[in-house]
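Chain nomenclature is as follows: A, B, C, D, E, F, G and H, assigned in order of appearance, with residue numbering initiated at 1 for each chain independently.
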Amino acid sequence: MCMVNFDYGRMSRMGFGETVLAEGKTLRDLVEILQAVLEKNAPLLVTRLSASVYQTVLEALPHLAETCHYNEHAGVLRSHREVSLPSPGETPLFKVAIVTAGTSDRCVAEESLETLMHHQIPCTLFGDVGVSGLHRILNIQEKVQAADCVICIAGMDGALASVVGGLFKVPILAVPTSTGYGASGQGQAALSSMLATCANGLSVMNIDNGYGAAMAAVRLRNMLFLKLEDDRGRKILN
Amino acid sequence: MCMVNFDYGRMSRMGFGETVLAEGKTLRDLVEILQAVLEKNAPLLVTRLSASVYQTVLEALPHLAETCHYNEHAGVLRSHREVSLPSPGETPLFKVAIVTAGTSDRCVAEESLETLMHHQIPCTLFGDVGVSGLHRILNIQEKVQAADCVICIAGMDGALASVVGGLFKVPILAVPTSTGYGASGQGQAALSSMLATCANGLSVMNIDNGYGAAMAAVRLRNMLFLKLEDDRGRKILN
Amino acid sequence: MCMVNFDYGRMSRMGFGETVLAEGKTLRDLVEILQAVLEKNAPLLVTRLSASVYQTVLEALPHLAETCHYNEHAGVLRSHREVSLPSPGETPLFKVAIVTAGTSDRCVAEESLETLMHHQIPCTLFGDVGVSGLHRILNIQEKVQAADCVICIAGMDGALASVVGGLFKVPILAVPTSTGYGASGQGQAALSSMLATCANGLSVMNIDNGYGAAMAAVRLRNMLFLKLEDDRGRKILN
Amino acid sequence: MCMVNFDYGRMSRMGFGETVLAEGKTLRDLVEILQAVLEKNAPLLVTRLSASVYQTVLEALPHLAETCHYNEHAGVLRSHREVSLPSPGETPLFKVAIVTAGTSDRCVAEESLETLMHHQIPCTLFGDVGVSGLHRILNIQEKVQAADCVICIAGMDGALASVVGGLFKVPILAVPTSTGYGASGQGQAALSSMLATCANGLSVMNIDNGYGAAMAAVRLRNMLFLKLEDDRGRKILN
Amino acid sequence: MCMVNFDYGRMSRMGFGETVLAEGKTLRDLVEILQAVLEKNAPLLVTRLSASVYQTVLEALPHLAETCHYNEHAGVLRSHREVSLPSPGETPLFKVAIVTAGTSDRCVAEESLETLMHHQIPCTLFGDVGVSGLHRILNIQEKVQAADCVICIAGMDGALASVVGGLFKVPILAVPTSTGYGASGQGQAALSSMLATCANGLSVMNIDNGYGAAMAAVRLRNMLFLKLEDDRGRKILN
Amino acid sequence: MCMVNFDYGRMSRMGFGETVLAEGKTLRDLVEILQAVLEKNAPLLVTRLSASVYQTVLEALPHLAETCHYNEHAGVLRSHREVSLPSPGETPLFKVAIVTAGTSDRCVAEESLETLMHHQIPCTLFGDVGVSGLHRILNIQEKVQAADCVICIAGMDGALASVVGGLFKVPILAVPTSTGYGASGQGQAALSSMLATCANGLSVMNIDNGYGAAMAAVRLRNMLFLKLEDDRGRKILN
Amino acid sequence: MCMVNFDYGRMSRMGFGETVLAEGKTLRDLVEILQAVLEKNAPLLVTRLSASVYQTVLEALPHLAETCHYNEHAGVLRSHREVSLPSPGETPLFKVAIVTAGTSDRCVAEESLETLMHHQIPCTLFGDVGVSGLHRILNIQEKVQAADCVICIAGMDGALASVVGGLFKVPILAVPTSTGYGASGQGQAALSSMLATCANGLSVMNIDNGYGAAMAAVRLRNMLFLKLEDDRGRKILN
Amino acid sequence: MCMVNFDYGRMSRMGFGETVLAEGKTLRDLVEILQAVLEKNAPLLVTRLSASVYQTVLEALPHLAETCHYNEHAGVLRSHREVSLPSPGETPLFKVAIVTAGTSDRCVAEESLETLMHHQIPCTLFGDVGVSGLHRILNIQEKVQAADCVICIAGMDGALASVVGGLFKVPILAVPTSTGYGASGQGQAALSSMLATCANGLSVMNIDNGYGAAMAAVRLRNMLFLKLEDDRGRKILN
């Protein structure tokens, strides 16, 4: 009984392809989808793919290891692509800065990073700059200012987002993480805090949704491409 | 005892000025702030200002009525400004489309609208296009596609955001509203639904935060201005 | 000490027999019930029976494998019965369409499917038609219209239910699933969204309760049988 | 700025017309909608219309009082229609029984009742039969059995739904009400209880959503009309 | 570092001894407490003791197996005592009836049972009499009426408590269980439902707290002993 | 349309009559019930009857003032009855002590008190003995010990219940109140605290349910009457 | 019936007197307490006393206006006392700094302030220094450092507490306020955020509990007095 | 990609060093941090380090075992330091008393204890003094009074905090624990209860945050050192 209905036309319709969320799928369905996408030679992006599930999938589809890159911390599998990161000194069209409150937010940050790289968006990561040592975010303020959009990842109190919101003019994509315990409520405290922020115009994602923040950045890039009638954008958006 | 610490430098620092949230302030503090801002001749934007509080404030500051515009549905007071809406046929630099699920979402939509107008961003409103009559959103799809960013306002199930997320390539700013009863949970159902959406890269605001969505759009415009080194942007962002 | 009180008269009283919920029962109680039901030669339907518990039960009751069918994804065990599915071209008295938002909703869909088959109700499954690619549900609209009742299964935002509610005239049985993370709240977002839906007259089931939706369909069939004084119904309902 | 987008085609598309939810609408929008619908001579159904709002609307649209019927307890306004209630002894095509746990559930019950009458569905109401005096529901069991569908309305513990679910073969539409205090949680206890019920195949509506239960019954009637190719149905559904 | 402060005087002060809650204690603390109590020759009652922890404790205190009785389903360990259950025909001073909604509530029921036996209170168990088959509770009504107090154990909707509350005159001790899934909320639905019950004067315990209901029954017995100046009570309460 | 179904047989069946919950009823229904009960000359007990509703009811039924007693703080109306409180020195069959944590718990305490008086159960009230001044409860310990059952009423932290549970041997009926703000959650903190108590065998009621605690005491009295075959009990229970 | 049990000995026992929480008390009880305290000539501190209740109390106890000071924003009434604020240049033994995130937190801040003044603790207030304009808190950093303890009051995201926690060495008493809407959850977001903070050793109070923070400061002062065997402390603590 | 940004200057800035929260970090990040801190010869404090993670870390950094002390119950690893506990009879500058409600609160208590020892603060632990046996806390009252600050650790109802708050004059740092089940809500009941306490000026920490309470005590000590210009303080705070 077929449950799979992959949306191959999404790239041309939306400016980005369909992503496969591994979590919650039966192994058989997952393998069936990956095989189909690979056979179509379509770009592949899989999220929430645990190391153990990846190993089992690899047994069914051993060529995955050659055509794709797997990042265990991110839980992301993506097809090899030429990622044309800007050479030093050269300014890319659109670039993202990721800031995280703590070292424990690494997995979410890497999910964002891999998703951005899949969409060929250059990105710099500034880890462990939480507000309990305020000098850390102030020290990198100038570097972050070079980005067109800031992804702010924080668990526990989520307070970094409000501070970041007051420091930068560009779009802020705030991602609460499930770091913390007790009243953190698996990310609920950070989520509510980011939604209720005193800073202006923050955009909020679901808890641990590093992927979503990266996709919101892809939409920003889409807007820019459409606006600028940029050649690279034309390839992607038409 | 002074509790007021208005941030006059926010415009040059952030690309937008400080907004006054009327709700929760004592009348005395509110009047004091407004008076000070008006004396400085700084642009004024007040949100969550109910009609009855506005009337009381007017008694203390009768000249408000001349220098400012008050929208009762939006609960917004803003200083008169030349809003250079594009003349027909001319394409503005950056424009926003607002779609709402129901007629009951008007107040939130007007809060967005007034905030956008205060920041001189042209905007078109498409009301009452909820998904229980799917033809309504499909009918306006082409018109909405002309916008650089879509603000999607919906209460109850918040389902419009997921549908909108699948129809447009540009940034989607989703605002849950407190429309509905029982399991709607004063907007909690729409909020969770928008955060948990199956659509890619949606950005979510606090419940009823039409103001926040408009400010997120201002940040998008800021990014564009910085990118394009546009003259109008230079005036605002430097 | 006896804790078991199986309701053998439920079929004649209600138009459907008692179902055994395996989850939460001690192994000894579970085996005792199954043995008793088999000895009475009564039809058997067991839900929420994990593969590992099934294996252990099989050791105690090895003949189960011959007399019953077990579906691991559904977690359902049911006695073999002649399922008189309509031959091609022939219209059955009452038929159900199941639509699911994603591939991850398979387990819940199969629980519905097995329960319907146990009650001899033909059913077609349309998987992975979530609203972030709206063409998918619109493409199957005509086929679904042939059904007397639609079971709509969706996790995350649960938005499919509101869209489905606006497309079909017949009863809609909405099942939220625990697919998703963070603000999805183990199905809570989809549940609230379906209860708060802007669509008219949707019926909602407990989270992941594919069984319940199928039983609601059985009640619809019962009503039809009583109404039509149908011969097949007479056998079941009297 | 127009926020109203009334769906006049819903009747032919869905088998029922659009309903106006008064709650949350501005007075101006409400009056505008009612006037437009009346001018089109379309059937009118308004829910959640409080007595005081109705009075204000009446001032703007005084002819409403002649063409429509207003029920204060139900908060429902509906256009006069020939309701062809079955004459004594004659069996109507489709009929509904409403049972309520307590006298305090009256308002929700009347919302169901008015909505059913608007759709010309005959209905009998059995009030105050909560399970703390079990004889009350048992006494009416036979009478309720004559109905094709049971709407069960209960607040507090919502326990009546589970008992009703075990007594009748036909579809049960359970409506939790906000009757009760403290742990009742404005209907949350009854809602969870009905969703988690030990009875089979109950369908659940939002808290206080008497309207929704009636609309689910309309969908049942639609199914029956489609099935039977009934003349009355043909008029409504084609 | 000593964390243990066993209350040996509780029996004379309260009419019942201190109970050891195994859950959450380190193994070392648990063994230390049990050893001390056994050395004092005080009666021992341990709850929430899983089979695996019991096995590890047994290795440290092998004589436990001789002096105590362990019930795996109940998770209860208690010292051997002469339980003077009434001989047939003889009426005991105070007796309890336990009714459970489903077979899955066995573990909680056995926790009550073991606790009652430890306190020498005779008790009859009526399992699997949930309200979806109402005849089951009605069939045993007369037998239950012989008890001085009813412990009612139910998960999911918790509806049995409300029905039981309307059938019996004596104290009802209602225990919600974590049986069920989704909206059951690990017993939260049953708990709220029992607290919000339409029946009069029900007493409610924590979720799965079979022990607590038994202890509430011990308090009832204490009251009776004090009232009657009964000899058996004198031994216990003085 | 009749929604009223008063249970006149409850006294003989249950040992207590039906109580009328005024809250949530329409005025017309309320007046209809009261009139019917008075005409039957049945004992009347109405709870949650606000002063303003009582005044309006009085206009329709002026003789209420003569035949009944109304307590505004309790929100209770009850028919005059000879309450045979024990003369000084004489020990009544069954008596209750009510302890409250604070002065703010008065309304709930008076609801208990009036309900007990309606059922002719003598009762002593000890107000404002919360645990932040522990001497207050210790000072009255001896006096409370004279009661057969303790009703413990507390809001905020609900901590008094746990302390009371450790001081007295007899049944403890704990009532959380909605006193407090913020994290008190309208009584939710006290409720959870009482359910999770470290004390043994406490029984818990719904938030602010002083009536429920009194009814649980009536059930205790019933048990005692049945046990003792007391003459007074015989009149009530047969 | 007396519900009042004022704890006159609390000052000598605890180092602070009993406070009267006006909210939730009946007017009669409130007047009775105030009268008794005034007659005893004991110091009086009343919190959560709204302006309208105060006016009604004043009618019963007109001399209150002379002997006490009422602050409407704080909702605090306190007896006149010589508050020996330090003269300029002189360092007081123990002093507090209050910082608030916004102007809307004034009422909570004034509750703290009045409570501190009642206990003769000098205090400086720094209002409206929320983190969305980070320069505001950094500008006052040095001044705040002069205090022995910081009370940090913030609503919405509560982020100020985490930043303050990283700037100062001394005890931080964090008070979440109910400022904000939607996901702010009446202060719940700020509360969870403060509890889950990434900063070290913050102490958290109930929502809007400005009084509680001041009392925690009184306990700090008590510790200091005990430590220093200070003369002023001796008067208060012995 | 570097995610680590250790704050070596925190000791001089704050009076305490940065602590490493092991939970949520990848093994590689954890090892990298520990190695760096050890190489800098900075004092090391790691919390939430499970025994199994510690073992794996030890394999990478075997010298940890010599330079540090690991407490499995506390989950704390800290560098060896001369802890100058006061010799008998000598009064230390600042000392803490820890009281716990039950034996099950040991792990949280030991986390506090280890953190205090790391900061050279002497401390006495009084375990298992919960309020259901009130004599236990009263028996140790005098001993606890010798401390400058009380850390009160309690799960379930959290009632000990309110009682402790009424017995001692000095700062009370209340820590709710996740001990308990059902309505305890993983510590939520104790947390709300402590926040809503009827006692004055209690400070509350996150659930299970024994570390946080100890750090709040360090802040108290800091205040004292600053106040007293104590030599030991000078070393730490300058």
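The definition used in the following text is that contacts are C-beta pairs under 8 Å (C-beta built on N, C-alpha and C of every residue); 3 or more make two chains touch, one makes a residue touch a chain.
The structure presented is a predicted model; accordingly, all values stated were derived computationally and were not measured.
Among the remaining chains, those touching chain C and also chain H are A, E. Shared contacts of chain B and chain D, meaning chains that touch the two of them, come down to C.
Seen from the C-alpha centroid of chain F, the farthest chain centroid is that of A. Between the interfaces D-F and A-B, more contacting C-beta pairs are found at A-B. When chain centres are defined as mean Cα coordinates, B lies farthest from chain E. Taking the mean of the C-alpha atoms as each chain's centre, chain B and chain C sit 45 Å apart. Chain centres here are Cα averages; for chain E and chain F they lie 27 Å apart. Centre-to-centre, using mean CA coordinates, chain B is 52 Å away from chain F.
Under the contact definition stated at the top, the residues of chain A that touch 2 or more other chains are 102, 133, 166, 180, 182-184, 191, 195-196, 200, 206-207.
The list of touching chain pairs reads A-B, A-C, A-G, A-H, B-C, B-D, B-G, C-D, C-E, D-E, D-F, E-F, E-H, F-G, F-H, G-H. Chain G meets chain H in the complex at residues 13-16, 19, 148-149, 166, 169-173, 191, 195-196, 200-207, 212-220, 222-224, 226-227, 237.
Residue ranges of chain B in contact with chain D, taken from their complex: 73, 100, 102-107, 109-110, 113, 125, 127-129, 133, 136, 155, 179-184. The part of chain C that touches chain E in the complex is made up of residues 1-7, 10, 18, 21, 23-26, 29, 33, 48, 176, 178, 186-187, 191, 206-209. Against chain D, in their complex, chain E makes its touches with residues 101-102, 130-134, 156-159, 161-163, 165-167, 180, 182-185, 188-200.
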